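In what follows, a structure is listed as C-alpha cells, so that the remarks can point back to it.
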Amino acid sequence: MIRFSTAGESHGEALIALLSGLPAGVPVDLNFVNRELWRRQQGYGRGGRMKIETDQAHILSGVRHGKTIGSPIAIELINRDWKNWQEKLPVETGDPAKHRAVASPRPGHADLAGALKYNFPDARYVLERASARESAARVAAGAFAKLMLRELGIEVASHVIRVGGAELHRPVQWEEIVAIAGKDEVMLACVDAEAEAQMKEEVDKATHAGDTVNGIFEVVAHGVPAGLGTFANWDERLDGLLAWAVMSLQAVKAVEIGRGVAAAISFGSAVHDPIQYAAENPPGRPTRFTRPHNNAPAA
Amino acid sequence: MIRFSTAGESHGEALIALLSGLPAGVPVDLNFVNRELWRRQQGYGRGGRMKIETDQAHILSGVRHGKTIGSPIAIELINRDWKNWQEKLPVETGDPAKHRAVASPRPGHADLAGALKYNFPDARYVLERASARESAARVAAGAFAKLMLRELGIEVASHVIRVGGAELHRPVQWEEIVAIAGKDEVMLACVDAEAEAQMKEEVDKATHAGDTVNGIFEVVAHGVPAGLGTFANWDERLDGLLAWAVMSLQAVKAVEIGRGVAAAISFGSAVHDPIQYAAENPPGRPTRFTRPHNNAPAA
Amino acid sequence: MIRFSTAGESHGEALIALLSGLPAGVPVDLNFVNRELWRRQQGYGRGGRMKIETDQAHILSGVRHGKTIGSPIAIELINRDWKNWQEKLPVETGDPAKHRAVASPRPGHADLAGALKYNFPDARYVLERASARESAARVAAGAFAKLMLRELGIEVASHVIRVGGAELHRPVQWEEIVAIAGKDEVMLACVDAEAEAQMKEEVDKATHAGDTVNGIFEVVAHGVPAGLGTFANWDERLDGLLAWAVMSLQAVKAVEIGRGVAAAISFGSAVHDPIQYAAENPPGRPTRFTRPHNNAPAA
Amino acid sequence: MIRFSTAGESHGEALIALLSGLPAGVPVDLNFVNRELWRRQQGYGRGGRMKIETDQAHILSGVRHGKTIGSPIAIELINRDWKNWQEKLPVETGDPAKHRAVASPRPGHADLAGALKYNFPDARYVLERASARESAARVAAGAFAKLMLRELGIEVASHVIRVGGAELHRPVQWEEIVAIAGKDEVMLACVDAEAEAQMKEEVDKATHAGDTVNGIFEVVAHGVPAGLGTFANWDERLDGLLAWAVMSLQAVKAVEIGRGVAAAISFGSAVHDPIQYAAENPPGRPTRFTRPHNNAPAA
C-alpha cells in the first residue's frame, strides 16, 4: 500500500514528505523531482515568496545508488527563510516578545476555524501549517509517484483551462499538454497562446484592482489501464479517492471527473461516452475497446 | 473512530450496512431510519424498481432497548425481488443456463472497467455491485450518523437546486430545507414550487425523448461548530473527506464546497466570506463570530 | 487490500462477518466453511451452548455460482437461541422488566472495563459483544481467507500443544497437523494420543474442581513464500500484524512467533535458524534456501 | 487519531519520526525526549555503535514556543556516522565499486526474506532498514506520546525482569520502576541489585562465549483509566494494538499481557484478578473498584 504524509510549517526550518510503499528498484531522477518543485513555484502574478524558495528535494532515506530500495522515502525541503524566523517562531520557549501575532483571521483560510479549534489567541500557528506552502511536500511525494507510474507506462500532466472569465475553448491533444509541461518558462500552463494571453489579462486586471482571481486546471492521466479502480467498496473507488486528494489542496473548492460540472446540467445522451470495439488493438492500447471522448471516465 | 462499510448486490438476498464507532446510549428512532430509506426511493420520474423495494431497516446488532450499546451496528435490507433472482444468481453453482448475461457494457457505468478488471465474460457481476442500489445501505448508515449528530445539535438536510436547464435562483433558508425534508410526498425536493415545476418539466422532456437528465443537489449541515475539521493533515481535512464520500456515490461526477464551481471563475473578492464579530453571541451559536454568507466554508 | 469486520452479539439475532478485498474467481467450498465453523464448536469439556449453535454460514453477498465475484462478502450466522432472548434483549424499547442484568462483573472478562466505559448500570450489554461467540464470525471470514490462500498453495492449520501441565513434547510433522484437522471427531486437536489423553485429564481435573484450565495452541502456515512480509514499516511487519490479530481473540493473553517464549530465556545460538543452501530446489519449494528448524521465522 | 511513522536507514544521513494527531498545547520537554533517546542507547554489553550515536532529537515542525501546535511533528535524528557511509551508500548513482555488500544473510534478521522479496543481489539494503537502529525513531515518537499521557496523569515505564537464566523473583512496586528509570546510569534496568548482578553475569557469560543472550522486559502503564480500550471491534481492542506495536520491534518474538505466558499453563482460578469494591475511592484512583493483582488486565 502506498502512503504519504507531510509535516512542516510555512516559516519553520523545513518541510518533510514521507512516502512509503514504493517497490525497490524504481529509478529516481532527481532532476525530474526538482523540476516538479520548480514548476510549482512558477505562476503568472505570484508573489515574492516564490523567489526565495527555489526548493530542492533533499533525500534523507529510501533511495540508494539512484534507485528506491523499498524503505520509506523521506524528502526534506529546507525553508530558506528560516533564518529570518528562527527567533519569531522558535521550537523552544524563546522570547515571546518576538512573536508575530496574526490578530485578524483571514476569510478564505483556515485561520478562524483553526484558532477556535485550539483556542489560540491569534492565527499565527494555524496559518503556518494551513498555508499552501505545505503543497510543496505533496509535489515532492507526487514526483516519486510519477516516477513509479512512468515505469508502468502511465503519465500524469496538467494544464490551465480557465482563469476568471478567460477560457480555453478548443479541444486539446495529450501531446500539447506534455509539451507545455516541458517548457523552460511555465508562467501559466495553457496550451493555447491566445487563451493564455487572455488568462494573463485576467490576472493583471485582478492584481491591478488589489484583488485575486480563481481558475480551473485539468489533470490528465495518460495510459491508465481500465480496471485499476474498483466498484466494490465506496471508500476504494478511484473517483472518490481522487476527489479526496484534490479537494484537500489548499485553494481547491470543487472537483469534477471528466466533464462532471457540465454533465450536472445536461441530458444523459450528451454526456455518455459510447463504447466502441475496434477490429484490432489500437496502437499502444491494451484492449480493442475505444471511446470517442472521455466525459465521464470510470477506471 | 466511526467507520462504515456495505455489502450486497442489486439482485442478491440482502444488503448489509455495517457501522461501528457510535458511542453507547444514542436513541435509535427506527421510524426516522425507515423514512430516510423511503425518501431515497422517491424521485420524480424514477422507474418501477423503486416500487418493489420499500426498504425497511432490519437491525441485527448494536441496538438494544431502543439505544445503541457501543457494539457494531449491522443493518440488513432485504431485497424483495430475491425470489425472482435466486435461480439466476445463486450463491452455489446452480444451473448456468439460467444466468442472465449482460453482454453489452453500458457507458456511464462501471460495466466495462469492472469486466476487464476481473476478465468476466459479461458485465452481470459488475453491475450487481456497482448499481446505485448499494446507496440504500449508505442511507441506512447515514441515518444512524444523523441520529448521533442530532444529539450534538447538528442536522444535515439536502434539496435539489438544479435539474437540466431548470435552476433554483433565490436564496434559501435552512427552515425551508427542513420543511421539504418532512413532507409526505417528496418527488423532487425543491424548496420553491415554481422552480420545482420547471425541474419536473425537464424530467418529463427527457423521459419523453427516451433520455435522462442530470442535476445538482445541495447538502447543508446545520449547527456544525467551527474547528471540527483540521488543517494539519491532507487526509484528515474535512473538505477532502466530504468530497471522497460524495464523489464515491454512483452517479456523482462533481463535488463543490460552498460555491466552489462558481468561485473557480470569479474574483476572490466576490467569493470570500467576511468574518464579523457580534457584540454578543447570536442566539443558538457558540461564538460571536458571524459571516454574512457561506461561499467557501472551512470547518 | 483485504479487510474484514464483524458485528453481532452473543444473544442477538445473528452475527455478521463482512469480508472485502478477495479477488473474483476464488472457488467457494461451503462445506469447508461450515466445517471450520463446526470445528470451532468442538472442544473437550465445553458447555451446553455449543450444542445449540451448530453454525451454518449463510452467504448474503459476494459469491455467485460458487465463486467470489469481487464484491464484499457478507456472511450471516444465525443465533438459534434468539427466540429465547427476543424479549430479554429487544432491538426496540420492549419491556424493561424482562431485562436480564449481569450485576457482578466477572474477572477475566471485559465486564468491568466495558461497563465503566459507557457507564452501564450492569454488564449485560458488554458481555453480549465481548463474548467469545464473536469469534464464530472471525472463523467464517478466516475460512474464506483459507480458500484464497489454498489457490496460492498456502495452507494454515492449528493444533493444541499444551493444556495446564500436560504438554506435547515430541516434534510434529505438518502432515500430522493436517490429519487431525480432517478428523470427524475433534474434541482436543492434539497430534499425539498419549499427550491428548493427559490434556483431557487436565480438563477433567479442572472441571471436577469447578475451575477452568488454560493452554497453548500452535498455528502453522505451510507454503508461505519468503518475502510476503516487509521490513519497511513498523505497522506493516507480518509478525506484528499476526500478533495483533491473535492477541485480539477473546481469551488470548500471550502470542509468540516460532519459539518466542523459550527464546526469551535462551542464548542466541540456541535459537537462530541457520540458513542453508541446497544444491537444487527442494521439492515443492520456490528457492534453494532451507533451514533446519523454524525457531524465529521472518517472512 | 494519533499516528506515527518512521523513515531512515541505519547508515543513511538521518532517521525521521513523523507523529501527528497530538493536540495543540502539550508542553514539550526536550530534555525528556533526549533522555529517552539516551536510555535506548544504554545497555550492559552493547557494542561500539552506541557510543557514536548519542542521539539528539532535532525538531523540524509541530512545536513552537515549547509547546505542540497541532501540526504534525517531524523529528530528525542525525546519523553521526553518515560521513563514513556517504560514498558507500550514496543517494545518487555514485561509484558502485564502493558498495559494501552483505553477501551472507544472517539468521535472526530479515536479510534473507528481504533480499528474496526484492531480488536484491545482497542483503545490504535490507539490513539498512530492518536494523534496530530504526527503533530510535520510535523512541522519539514515543517520548512525545509520554509527554501527552503525562498531562492526563498516565505514565509508562519499563524494567528488565529476566536475562537468560537470571530472573527477578520478587514483586515490584511502581515507584521502584520509576526510580530506575531516573537513574544516571542505566546499564540494565533491573529494580533489584542482586538480580541485576545475576543478569549481568548472564550477559558476560554469553559475551565470553561469543554468543548473545535474550531476556524479558516489562512495560507498565500507570494511571490508565478503565474503559480506554474497547470490546467492540477486533482491530480496536487495546491488547491487540499493544501486541502489534511491541511484536513489530526488531528483536521481539513474544508478547504477553499481564502474566499471559504463565496463565497459559495455569488453572483459571490461579490467574483471574478478583474485582473488589472499596468503601471509598482509594487515593488517586477514579473509581472504588480495586483488584489485588493484575494478571490478566483488560482496559
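Here the chain labels run A, B, C and D in written order, and each chain numbers its own residues starting at 1.
Keep in mind that, in the parts below, a residue touches a chain if its C-beta (ideal position, glycine included) is under 8 Å from a C-beta of that chain, and two chains touch if they have at least 3 such contacts.
Bear in mind that the values here come from a model prediction, so they are computed numbers and not experimental data.
Shared contact partners of chain C and chain D are A, B. Listed options A-B, B-D or B-C contain a single repeat of the C-D interface, assigned here to A-B, on the basis that more than half of the contact pairs agree by residue number. These two copies of the sequence, chain A and chain B, are related by a rotation of 180 degrees on CA atoms, to the nearest 5. Among the pairs A-C and A-D, the greater number of C-beta contacts is found at A-D.
Taking each chain's centre as the average of its CA atoms, chain A and chain B sit 28 Å apart. If you average the Cα atoms of chain A and of chain D, the two centres end up 37 Å apart. Inter-chain spacing, taken between the CA centroids of chain A and chain C, is 45 Å.
Annotation for chain B: residues 5-6, 20, 70-72, 114, 117-118, 129, 230-233 touch two or more other chains. Taken together, the touching pairs cover every possible pairing of the chains.
Only residues 3, 5-9, 12-16, 18, 20, 23-25, 30, 59-66, 69-74, 76, 89-94, 96, 99, 114, 117-118, 120, 125, 128-129 of chain B touch chain C when the two sit together in their complex. In the complex of the two chains, the chain C residues touching chain A come out as 1, 20-21, 70-72, 230-233, 236. For chain B in complex with chain A, the residues that touch the partner chain are 5-6, 105, 107-110, 112-114, 116-118, 126, 129-130, 134, 138, 162, 164-165, 206, 209, 211-216, 225-235, 237, 239-249, 252-261, 263-269, 271-275, 287, 289, 291, 296, 298-299.
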